[in-house]
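Here come two complexes built around chain A, the first alongside chain B, the second alongside chain C.
For the complex of A and B:
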């Protein structure tokens, strides 16, 4: 894999050149948080953004979109929401998030609604620095070997740019003069030092290898019901998680000649009707049962299928859940540490 | 795996194909029978499925839902479904007349392992609407009678009027190459000639079975499984030869929407047919 050098002041000219090829999207500030947005003014790009509120999955599978137009004559695919995009500033964990979704959406029956935007979106990764909630080092998703077209490591003096695909190389060739093929010994040293410092900057660590067994051993542990009592069943954790793929489908019929639509929208396994079937039977009526499904999927089930957890350590559930139910606190509970006192208080309030 | 190499152009796993309702009539007050055929003749004849598989049926404007295929692949061309009125899609289906168009895609799921069952005895245990998926494998075994050993059927319904395909089962009782026992929980007609009681009360009437050589196939309401399995285990049928088809909420049928997930499996891909061993192994199956 080739690695090139890009001077800091050459980034905007590069983005200028490539944004003629496709829509450029990047993280921008949104209040005190960040979100992916279409950018024309590159100074809006938040180069030092932490996690975006919603991960890059929203570009591949929007929260709502139309799958089919239908009339008496039948069902016609609608892929009109898909455009050519360049997604700049995708962090390593989010790239791993997409690689995880790739497995689900392309296994057995490839999903055209995922594949089409996935193919038409170029991924330009960007290195980042962990905050207190990031733990991607524990999930080995702090570095990427695949899943990007270009990857920018943001060093003090310059960018080092990894070329990950032939179409990534095409982007470089639009303005080859901006890039330098010759990395000096000093550049290499700077990079190695940067990497070591970054590795040391993680403040959260979770021992994932133990968790599948601990999930099994704790299947009947009382803390699940405490978590369940605290959970608001709001679905926020699933919306922000880069590896959550669940969706629901709904038909919409309009008056007159206008064709109907089959809408696909994000769903959440934490919502009450998630596992309900005809006749009123609900396989996961209680909140704790649904939470257990979520954590089984993240920490255990995916491991038995693909050899690694489906958590990529982005920390989104840590900053999002209003009652602190997240991978970190659940891992602690699985390890036998008492769930934090206020869950118990919340549980009391819920039953009052 | 390189995502770029996958071709979305050819993949149309969600597209319903037009199919026509050839015949429809009530089996009970809230269960209707549907015989459908793909509009495209080529598709109608090449649609290859296994007993126990299901299809996704779309009704224009109402939505889409999964239904077991009740017909047998040994009689190609027409597909049959028994559908209970439950909500939006099923109500819309009930309103459709013969000759109406619906959307159909499939077949999905693993189905019954009919190859492995070849040469073995078959014991079918049905409760209520469980007759829908099990009818496929029953008709299949009758059409290929010499491929199987003994065939026995135990069928329990709430009341005589709720026993779907009642006539089909009564005519089975006339056959000498098959054993058939019927029961209703309660006889509100006063004309019921068969047994009264839940389906498990039929077990003592079963002739001696050759347990290691028997596949038991079970489908019914969720409450039924525990009791029936107990009986089958008592008979010493091996755990991995006790097969049941299970229901879960399903929105895609192809392992994408997540709704049917249990542990590390998707009911729509790895099921809906599971063995008793699967059930012990994955606690949340039943």
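For the complex of A and C:
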């Protein structure tokens, strides 16, 4: 792995050069939040963005797309939404999110609709600074060892650029003169200090190692029903989570000669129809059962299969759930605490 | 040999006729609609209407007179499949915004005074499933073109409609909107059936619930959430009742109990 130096004023020229190779996407402001978008005007790029509303998964598996066209005679695959892309500004947690999706979509049942865009998307990571909701240090996803083509660490005076793949190296080779091979001792010191400061900047910490056991011990704890009573079954937590991957397919038909479409769209285990089977039987009819499934998956089951939680500490569920059901408040409840959350207030209200 | 076409009837009970109008407004597809099926009856669009056996009846509007009730029972007898189209047929519409019987009689008097009704006997407005079995519900106020056309196309193709059962929030997140509810704007997205394409939150306007409540709408939680955010109790109740028809009767009964 090579590490190069890039002067701040050389970033745009670099982006200019690489955006001739593929569509450049990066986080831009959306209201007071951020979203990945295609950028031609680089000044739109939010270099100090916090989490985007929807993670980078939307590039690999769009929320809603056509898988194939069909007629009575046969079908024709539709990958027209896939193009060559360079995703710049991907934070460490989101890179880990994609690595998690890789496990799910590429191992047991390789999914061509995931593989194709994944192959055709280059990942250019960018360092970030935690806000009060980030806890990727607790999930050990605040640094990356793999899963990127290039990774930019944004220091005060310059960028340090990690080369993570030969494709990344090819991008550098388009404009090699912009980069400096020789890191000074001062650069190294600055980096080490930056890293230490960032490690200390996390305000949210969760003890994940205890959670699988606590999930088991709390399987019948009363707080699950409190969560269920407050949950709006809106699905938002799963839509925004970088490791949530469930989808549904629907056949759309048209009048006239137009072929049908098989639409694939994001689904959510928090929705009642998710666990309904033919005949109308529902395995998880109650909201608390569905939430328990979600948290079992994130904090316990995934750990026993892959040795780490299926949570990358991005904080999206913390800022998204309108009733504050999220990894932080659920972890607190598992620890026997009374978290500050609407769902807790509602429970108190009900017993008053 | 050509497949036999479905016989379809489109009917309007009490409502604004917006759903029927929307069908007529599907201009580019109108020819295809009439080509794909035998439209036996459609008062807004044609004059030679027959009242025979039907494969599918699309019924708009709520039942608010005795005569409409008879008409509806007759439609059910003649049809293999009945689809409620639009908020009024699905849940009762604004005219059924939940009030209990006593309130209805009081309000009715206030509006109509002591006029004698000779034509038919008025009744408290109700969704069509108060009187007949309904096979499918196509929500909306009015229904959406895209959802109507794909539902129609599926039925013509011999398949049951496939409609979203989840709330507006799902589509809203697909569109990567920053949640209005989290910005203390009283959005009813979590309670409301999706299918409209989350048009209101897409334009920074909170959902008013015009597609009617989902099966599982968590009224209690949203109600307390809005109270917590400092909204006025009457405002919340009105907003929730607007497009929920008779569907949230039980929820409102709880308030009456509290009042006593």
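Remarks
The rule we apply is simple: the second predicted complex is superposed on the first by the 340 of 352 C-alpha atoms of A that agree within 3 Å, B and C clash if a C-alpha of one lies under 4 Å from a C-alpha of the other, contacts with A are read in each partner's own complex, and residues count from 1 in each chain.
Definition applied: a contact is a pair of C-beta atoms (placed from the backbone, for glycine too) under 8 Å apart; a residue touches a chain by one contact, two chains touch by 3 or more.
The shown structure was predicted, so the numbers you read here are calculated from the model rather than taken from an experiment.
On the shared subunit chain A, the superposed partners chain B and chain C are arranged side by side without overlap.
In the overlay built on the shared chain, the residue A:187 is in contact with neither chain B nor chain C. In the superposed model, A:105 lies in contact with chain B only, and not with chain C. In the superposition on chain A, contact of A:272 is made with chain C only, not with chain B. In the superposition on chain A, A:78 contacts neither chain B nor chain C. When both complexes are overlaid on chain A, the residue A:302 reaches chain B alone and has no touch with chain C.
In the superposition on chain A, A:115 makes contact with chain B only, not with chain C. When the two complexes are overlaid on their common chain A, residue A:230 makes contact with chain C while staying clear of chain B. Shared-chain residue A:251: touches chain B and chain C both. When the shared chain is aligned, chain C comes close enough to touch A:33, but chain B does not. With chain A used as the common frame, chain B approaches chain C to a shortest CA-CA distance of 5 Å.
On chain A, the surface touched by chain B in one complex and the surface touched by chain C in the other have residues 250-251, 253, 260 in common. Only residues 67-68, 70, 72, 74-75, 77, 102-113, 115-116, 118-119, 165, 219, 245-251, 253, 260, 262, 267, 269, 274-279, 281, 283, 293, 296-297, 300-302, 304-305 of chain A touch chain B when the two sit together in their complex. Residues of chain A touching chain C in their complex: 30-33, 35, 53-54, 58, 63-64, 229-236, 239-240, 250-256, 260, 265-266, 268, 271-273, 287, 319-320, 322-323, 342, 345-346, 349.
Chain B meets chain A in the complex at residues 1, 3-4, 6-9, 11-18, 58, 60-64, 84, 86-87, 90, 101, 103, 221-222, 247-249, 251-252, 254-259, 261, 263-264, 269, 283-284.
Across the complex, chain A is touched by residues 29, 32-33, 35-36, 149-150, 152-154, 156-157, 159, 162, 165-167, 169-170, 172-179, 181-182, 189-191, 214-216, 218, 220-222, 224-225, 228 of chain C.
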